Amino acid sequence: MAKFQSFQQMMDKQLTVPSQLLTNYVSLGIQEQELVVLLQLHRFRWEGNAFPTPEQLAGNVTMSSQECSQILRRLIQKHFLTIEQEKNERQIINETYSLEPLWEKLFEEKTVRQDTNYDE
Amino acid sequence: MAKFQSFQQMMDKQLTVPSQLLTNYVSLGIQEQELVVLLQLHRFRWEGNAFPTPEQLAGNVTMSSQECSQILRRLIQKHFLTIEQEKNERQIINETYSLEPLWEKLFEEKTVRQDTNYDE
Amino acid sequence: MAKFQSFQQMMDKQLTVPSQLLTNYVSLGIQEQELVVLLQLHRFRWEGNAFPTPEQLAGNVTMSSQECSQILRRLIQKHFLTIEQEKNERQIINETYSLEPLWEKLFEEKTVRQDTNYDE
Amino acid sequence: MAKFQSFQQMMDKQLTVPSQLLTNYVSLGIQEQELVVLLQLHRFRWEGNAFPTPEQLAGNVTMSSQECSQILRRLIQKHFLTIEQEKNERQIINETYSLEPLWEKLFEEKTVRQDTNYDE
């Protein structure tokens, strides 16, 4: 019989995702592979790694590191992702991915109105 | 300038996802399109719709309802998803998707690959 | 031996709470009993009941419904809570508690006290 | 006008809490002050500090460090909390608080049935 993780381990692993990402990514022009890379970036950041390499991403998806690189570039070009430079406490500059442009698009007022008539 | 949703609306929309789904789906033999359908089923359930139709799914992904049907069938065949029958308070049988088999696979002890050397 | 809920039931019950509520309530002048009422209002709303009665609140805390009423009044006076009137689809006016003023206080820039040296 | 945190900062701060903690703590014999200490332990752990001192706890609640110490002792005596010893990668023993006994009580089958008659 399968032995399961402790509840503590389960609780330690719960990640928060805005449901609007799942309901609105298509209307924002995001494809499934790009969505999964965005989710992985969100998860890596939550685990304390705000600048995962394409190789680290590729270790968690079915795509190669080259494909992950391309998707990252495309997400930056399409303004869902930026690279930020942050000075840490020892004055060393760290690069991090910020999903801020994605969150802004998702949390804009118009993205909530789901029941309106899009009769174009 | 963009007008944003209220914080209340943002807080109302936060969904919890086990991070193990993102770190372990590849090793479970799940592809990105299947992963996204699983996430959508999880979200629909959380919104109170535990048995979304292929058409409802297709309204939130880049795939057609036929492709969504195929993916649902495949997820059932691969034992990540089951269809449950529940009697509601008025004794009417409702069908619901249950992600229980997926959670079981994710929360099995072996899926946590962190502290591997148990040789003491 | 104890029998546990299904993982599906566990996953269905996960609530998202801004950690700033826990780190900043004291500096906002909120006490533990008030904090718990705020958390309960957040939970009720998330379960679909955005206007729980003092009796419903009292059913989940160690305080009486009179005490819950007093705390609700105090939270409104201290501008953490408002009562909103919303028209539903059948044009009937519903009253709901909104935690928007609380979220605004929590998400104001100054509440993040991490990188303190803004030496402008 | 108030300036708000970035959405990224907000998203980075979302904590997952089992709603059963809020619906069932009273029936488990937990009081509001104890509940808040449990929530703070859960938050500290999530932030990477699995063994906060009474002083660190007191810095986030209206209680003194002495009162926090007493509550910690009481939570251990009442079997909601344990102190675990973990060997880290450098073979140094770390003490951590584990909320496992609390989660077990919350996730036991019987704790879900809210509307049943407990008159047997």
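Read from first to last, the chains carry the letters A, B, C and D; within each, the first residue is number 1.
We adopt the following convention: contacts are C-beta pairs under 8 Å (C-beta built on N, C-alpha and C of every residue); 3 or more make two chains touch, one makes a residue touch a chain.
Because the structure is predicted, anything quoted here is derived from the model rather than measured.
Asks: Expressed in ° and rounded to a multiple of 5, what is the rotation angle of the C-alpha superposition of chain A on chain C?
Replies: 175
Asks: Between chain A and chain D, tell me the centre distance in angstrom, where each centre is the average of that chain's C-alpha atoms.
Replies: Taking the mean C-alpha position of each chain, the two centres sit 28 Å apart.
Asks: In angstrom, rounded to a whole number, how far apart do the mean CA points of chain A and chain B lie?
Replies: Those two chain centres are 17 Å apart.
Asks: Please output the residue numbers of chain C that touch at least 2 other chains, ranges allowed.
Replies: Correct list: 10, 14-16, 18, 46, 104, 107.
Asks: Given which chains touch which, is the overall layout a line, a ring, a star, complete, or other?
Replies: complete
Asks: Quick check on the complex: what are the chain C residues that touch chain A?
Replies: It is residues 10, 14, 16 of chain C that touch chain A.
Asks: If you look only at chain B, which of its residues touch chain C in the complex?
Replies: 6-8, 11-12, 14-16, 18, 42, 45-46, 48, 98-100, 103-104, 107
Asks: Any idea which chain D residues touch chain C in the complex?
Replies: Chain D residues touching chain C: 2-5, 9-10, 13-20, 22-23, 26, 31-33, 35-36, 39-40, 43, 46-47, 60-63, 104, 107-109, 111-112.
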